[in-house]
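Order as written gives the chain letters A, B, C and D; numbering starts at 1 within each chain.
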Amino acid sequence: MVDLLIKNGTIITANDTYKANIGVTGGKISVITTERIEAKKVIDASGKIVLPGAIDVHTHLQMPFGGTVSADSYEAGTRAAACGGVTTVFDFALQKKGNGLIQTAEERMALCKPQACVDYAFHLAITDFTKEVVEEIETAVAYGIPSFKVFMVYKKEGLMVNDAEICTALEKSKEVGALISVHAENPDLIDSRIAKYLEEGKTSAWYHYMSRPEFVEAEADKRAIHWAQSVDAPLYIVHLANKEGVEAVETAKAKGYKVYAETCPQYLYFNSEVYKREDGRSFVCSPPIKGEESRIKLWEALLDGTIDTVATDHCPFQSYEKDWGKDNFTKIPNGCMGIENMYPYLLSEANKGNIPFNRVVEVCSTNPAKIFGCKTKGNIACGYDADLVIYDKDIDFTITQEKMHSDVDHTIWEGVSLKGYPVMTLLRGSIVYKDGEFIGVPGAGQFLKRARLY
Amino acid sequence: MVDLLIKNGTIITANDTYKANIGVTGGKISVITTERIEAKKVIDASGKIVLPGAIDVHTHLQMPFGGTVSADSYEAGTRAAACGGVTTVFDFALQKKGNGLIQTAEERMALCKPQACVDYAFHLAITDFTKEVVEEIETAVAYGIPSFKVFMVYKKEGLMVNDAEICTALEKSKEVGALISVHAENPDLIDSRIAKYLEEGKTSAWYHYMSRPEFVEAEADKRAIHWAQSVDAPLYIVHLANKEGVEAVETAKAKGYKVYAETCPQYLYFNSEVYKREDGRSFVCSPPIKGEESRIKLWEALLDGTIDTVATDHCPFQSYEKDWGKDNFTKIPNGCMGIENMYPYLLSEANKGNIPFNRVVEVCSTNPAKIFGCKTKGNIACGYDADLVIYDKDIDFTITQEKMHSDVDHTIWEGVSLKGYPVMTLLRGSIVYKDGEFIGVPGAGQFLKRARLY
Amino acid sequence: MVDLLIKNGTIITANDTYKANIGVTGGKISVITTERIEAKKVIDASGKIVLPGAIDVHTHLQMPFGGTVSADSYEAGTRAAACGGVTTVFDFALQKKGNGLIQTAEERMALCKPQACVDYAFHLAITDFTKEVVEEIETAVAYGIPSFKVFMVYKKEGLMVNDAEICTALEKSKEVGALISVHAENPDLIDSRIAKYLEEGKTSAWYHYMSRPEFVEAEADKRAIHWAQSVDAPLYIVHLANKEGVEAVETAKAKGYKVYAETCPQYLYFNSEVYKREDGRSFVCSPPIKGEESRIKLWEALLDGTIDTVATDHCPFQSYEKDWGKDNFTKIPNGCMGIENMYPYLLSEANKGNIPFNRVVEVCSTNPAKIFGCKTKGNIACGYDADLVIYDKDIDFTITQEKMHSDVDHTIWEGVSLKGYPVMTLLRGSIVYKDGEFIGVPGAGQFLKRARLY
Amino acid sequence: MVDLLIKNGTIITANDTYKANIGVTGGKISVITTERIEAKKVIDASGKIVLPGAIDVHTHLQMPFGGTVSADSYEAGTRAAACGGVTTVFDFALQKKGNGLIQTAEERMALCKPQACVDYAFHLAITDFTKEVVEEIETAVAYGIPSFKVFMVYKKEGLMVNDAEICTALEKSKEVGALISVHAENPDLIDSRIAKYLEEGKTSAWYHYMSRPEFVEAEADKRAIHWAQSVDAPLYIVHLANKEGVEAVETAKAKGYKVYAETCPQYLYFNSEVYKREDGRSFVCSPPIKGEESRIKLWEALLDGTIDTVATDHCPFQSYEKDWGKDNFTKIPNGCMGIENMYPYLLSEANKGNIPFNRVVEVCSTNPAKIFGCKTKGNIACGYDADLVIYDKDIDFTITQEKMHSDVDHTIWEGVSLKGYPVMTLLRGSIVYKDGEFIGVPGAGQFLKRARLY
């Protein structure tokens, strides 16, 4: 007698597609079967698809940035996540100068714990590269956080680490089984181009894109890959958005290097033309959305395996905050929303025949779990957490701000038509989302303590 | 209540490794669970690994060749297969000039049906390329055989098809959802080199290798790939054995072409030095085993995904037949044994840490099933045939002819030490091999009727 | 006191462009100077360009082929050559089955000697690959002919050599310092496609192209390169006409292999659309002129150094002979004219700014001389033969059959407008062409005895 | 009647090798001839080779650096140049912060003019990247200096320009027909590694190499190439010394980009093992000499055309200055000597059969002239300056400090055996070096005013 039975659905994992019933006991998958089994509670998934919950490894919830705080509280962000089929989120515990890494993690934990509506883990973003901090990397791994991020940009903002520090981070990570992520753009080019455009009076959102165009991102991608190859450490490139960078990843992989690449749904659906729109400010994020050539290349890379993961870089701001940059694109807080849209959007693409469902599961759930060490997540098999999404292929869904569950007053996805939509999300066997309603509990999300990654 | 329960084993598929019990009903996997379940019969796999049965897509059982017939009858060959963890074999129904394709298949079927100890399917080897035969390709697909083979060699033997015929076959295959396999070597070079060596009195087995060295095989690999790319059809290269050919496959895959490559265990374990041994004749097969550089490259390709499948090209001859070529290597019947050794050898390599177990399952079972359309084979999941191998990692096993189950009086694998060995094979839920003994039934194997492949 | 002074011209060689006077003594360049010098005879080249004479390494004059003889006698062809700035021609002494190589050369020599209006050399085209013939290759080199050609096509016509013979030729050439040229197309594909088109009643000139399209030529290019690389011998590909073949040459060169590529002016100026013209038959040559993509790639290769030489494959037929194929493209004798057009056409392209003059000299004269061992040809420097062309950049010239000097009744170049044209050709210091008139002497051309090439 | 006749020599240029007499009038080559001519003065070059004088495009004479001034005064350096067959030197007019470009050039000119023993030109090294300076680039081109250098290193020393400035320089250069050279190493890595080694007490010359190893240089090479490709401007990489950098140049060239690469004789002859020698300090230069793999790759690149030029980076210091770093490698003034050794060393390699003589002329003279716009230099042809070197292939020469003509008290080339040596150098027809003696005149060298380069 299992606690819960999800019966008659079509199970889709990264590798398989087949009909079977799923039994859950103690929050974990305990049976997969074509037989009938007894259960305390039954969910009928007839005619539906059952998928592993998505793992969004790139979010910025309730994050102080650009003179404000990103508009989704941890509760609102994880609530929206649950409603978008995301059952685990990673966000960034951003080190303040002078603070230690564990201190940073614990402060972040204190904020997240009571609010988390889905399971959560952290990447530590290192900004103050002292010797003590380098030593603390190993402690952080033992603490359960074996993934770190460094910025190659935000020089003036004091977040950037230099090339030597990147190498030190990579070398240390290799020693302790951790993974270094990089935000790859070139700060000097950006600053110089911004200065030029402002001086010329070119202040619209379009010049946000123009000041950080394709080649400015590509350079940093190549440089990061060079350092990783040179010290023979694995590397994870977040929010890859340009064609030439994709090609660099391709080449590195062909040579056998462990270079992982993540892209985001906004880079797959939109192109740089959005910055010419009236509401172009809403799309301002860094790196900016690139030209159509890059968008097409990202899709190719998504299909052929060059891209390993899709994550959201969810970091929304309210319209009035975006408006701060009406007359100066540098005043627009950087960041867009996507946490509730990523999985529905990509599953809709699968439903339309543009990508296999299995591949969507792989990039949104299975690969993130494998790369970042979530051993009980990302798959539907006995022993795994019952983080499940039930998906109805036959629903026609148009995204509007009203239907979304975040605290933000608009969405860049407004009006986008999807074919199929999630009808239920389960977190370790408990229903947290059903038919458009969030029915989970803030604080129910658990911290994912992870071990060294390799 | 399932018919059979295999409990407490560690399940290893191409993608997953986890502990669970497997329930079988009506020959199919009906439950996978960490719960206890009722069963009519129980096999305890505690401490053991449970794997999908291997699918050997390249065998030549009871095949007329080189003036004799390959030494394993269909019964003996499939018996040996079962004892080596192979639960499905494909062999080649070789068209005689003048005969039709369906006729060829049916004659072969009549021979195989009463003898088959495991499930079986056919590739049709086309040698007589008339218009009628080209038309019959579609009929053969409907009949359940959507895979065909053509020879780029054996010109004098009358098996070779020319380049135009290869292109016609590829074009037709694309139309009907079939897959063309090629035996790729260059016949003119071989014939010319043979003539030269014989004239010079160079008659030992070493000159078998010398007359068909690396570049002679590589040329045909490249040519076959060129035709496939030109007509935009998928291609399957059988028994790829040389480095340059592997590189050509790599390049084709990088460009996005559907070129599949198979290699054989003898190319992975031995190198061309064996032809200098006293018993060098035993190793004579075509293409011959290549130099150490090729062996190393094949291992790299096996690990990085360039090689899609491993199969045996099992085609043994008795020692007295091999001796026909004592004074003239061209009189040695071409072919080696491997059907009982492939899976144990590769699993032993996994057990030694040289390749992941998952990857062995992928190349020996899951990929063959996917590429050649065996929809109920190659995986452990609900709804799949219960073709299973139970593997004991702790057995030390040394291969000797006495322990093998074929009719052949020797084995090229004599004396090879393995770490771990299969202790049981199940065919659709019935035990056919246990602890060194074949306990299956000739004729129990079923024909696999397959649909168009894409 | 020199015999002849060409004063005030701008000298253009493969590498330099400068103003100086050229003095000739005994048929050789004996002085280059900015000083005044005494001369028996003076030609004023003020405002003109002085170039090395072109070396056309690919001609078929008075050649029996396709049931007739190519329409330019040796006299007519070399007369036209002189008038087009070509001071040396290579044509093919084509071995008849059963004949020896030296015999072949001598018979050809007897025909050419009294007729030759410019200097001449031979390639030996080997069609009968007996052991004796292989041995005779060395004798031919000693005789002064270190360059050979083999056909990968014309299987039914009995000219084709097989892959083993190509390898033997390459190996032998390496031993004796010779160079093997190949006509690269795949005969099986051609024959099969021809049969198909004729059966379908597709008989126009367009189907000449369709029966030997890009990929049919490319395959043979790649195969020839493979053999050359495998035996580590240099290779020369004649009349390369397709994009994929160019890419194969590029790759081979990047790896450091000595693979030389020649293209022809008709492949640079026309594309396959000509076969749809009323007079499409006139353009029938083998390999056929390819699509626009290939034409563009050939120009790129010409500019970036992938193409080493341009030669004409001059092999014209009269209109009435071309008409034999009115209702069946296979009856059209294969071959076009170009010997009088190559240098003027390419120099005109230089004059229009599409290619440097130096590069035209390199591919039409300097490289042919270096590759094929013409030690006293292909340059303007002391000690070299005074084979010179004086070129007027300011002439506007439209090609018409009337202005040409061959015996053929039409030209595929009819109506083509050139910017600039040769006004004088000198052969070893003697004027053979001046202002539109041939003023040379049949028989004045000398045989170029060449030594081993490397 | 010419002023000077050099008779009976074998002329070797980048492209040709032939016997002829050279007549000089007014400092320029006015005749090349196999005839006898009258001359006021005759030099018999029987049995000798006559070459264009070398053009050393990378020297640092009398340069303030590392707290001292490089040990060769302009006179001493150009004297040594003349004695090593170098007839033109380029050195770097290094902008001081606050100074203008023309001001920088004129100050440098004032210093050089009275001392120059051979002809000279400047590159302007830009260190202070104000708007005014960017504007002045065009003025500098008009002034006769169309080549500029920027440092990607020497961050702490205040010479480095940032990535945005490099891009600005490249964009500007494209506009005005100039060429940007880069010193490519990564400063952050260097500074960080230096700090680490010093802290660990690793202070010997070996740690100079260890603090700027292969990958630290390679990164900057790739980055510079990226910027050049991104803005589509040509780029010149000075003193390329590592394998991976060479490969990056190779790739860029294959894609059709104008990326020029220079290497130095010390990188071709020595490898990093020299830093373990007692006199390791003498070899300290930046970038340091790399490992044997890089040395081998540089030779390949020299032979296959990837390397365009060889220059010396001549920047010697006295032994007592080098000794400042006895206990701390960072105190060693960076720089080695080579101005008198480059041409003799490479010609000796040609004489030993390791590289064609023509290629040595190309990389040491013809290419530098072409790339940097020395229209009357780098060739032996009428109209060119009579900058000539007469070379005796039969001399055995061992380099010792005593035989050298610089002011430095040691040479890194001590004891190196050469086959062949220059016996005479002529500058515009005047003998400046003969049989081991400098016989030129300080101040006789002329400034080379150059025009825009493309």
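As a working rule, a residue touches a chain if its C-beta (ideal position, glycine included) is under 8 Å from a C-beta of that chain, and two chains touch if they have at least 3 such contacts.
Keep in mind the model is a prediction, meaning the values are calculated, not measured.
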item	value
Chains touching both chain C and chain D, listed by label	none
Fewest touching-chain hops separating chain B from chain D	2
Euclidean distance of C-alpha centroids - chain A vs chain D, Å	51
Mean-CA-position distance for chain B and chain A (Å)	42
Chain centre separation in whole Å, for chain C relative to chain A (CA means)	62
Touching two or more other chains - residues of chain C	none
Chains touching one another, given as label pairs in label order	A-B, A-D, B-C, C-D
Residues of chain A that touch chain D when the two form their complex	162-165, 167-168, 186, 188-189, 191-193, 215, 218-219, 222-223, 226-227, 230
Complex contact set, residues of chain A against chain B	2, 13-16, 18-20, 23, 25, 28, 30-35, 254, 256, 304, 379, 381-384
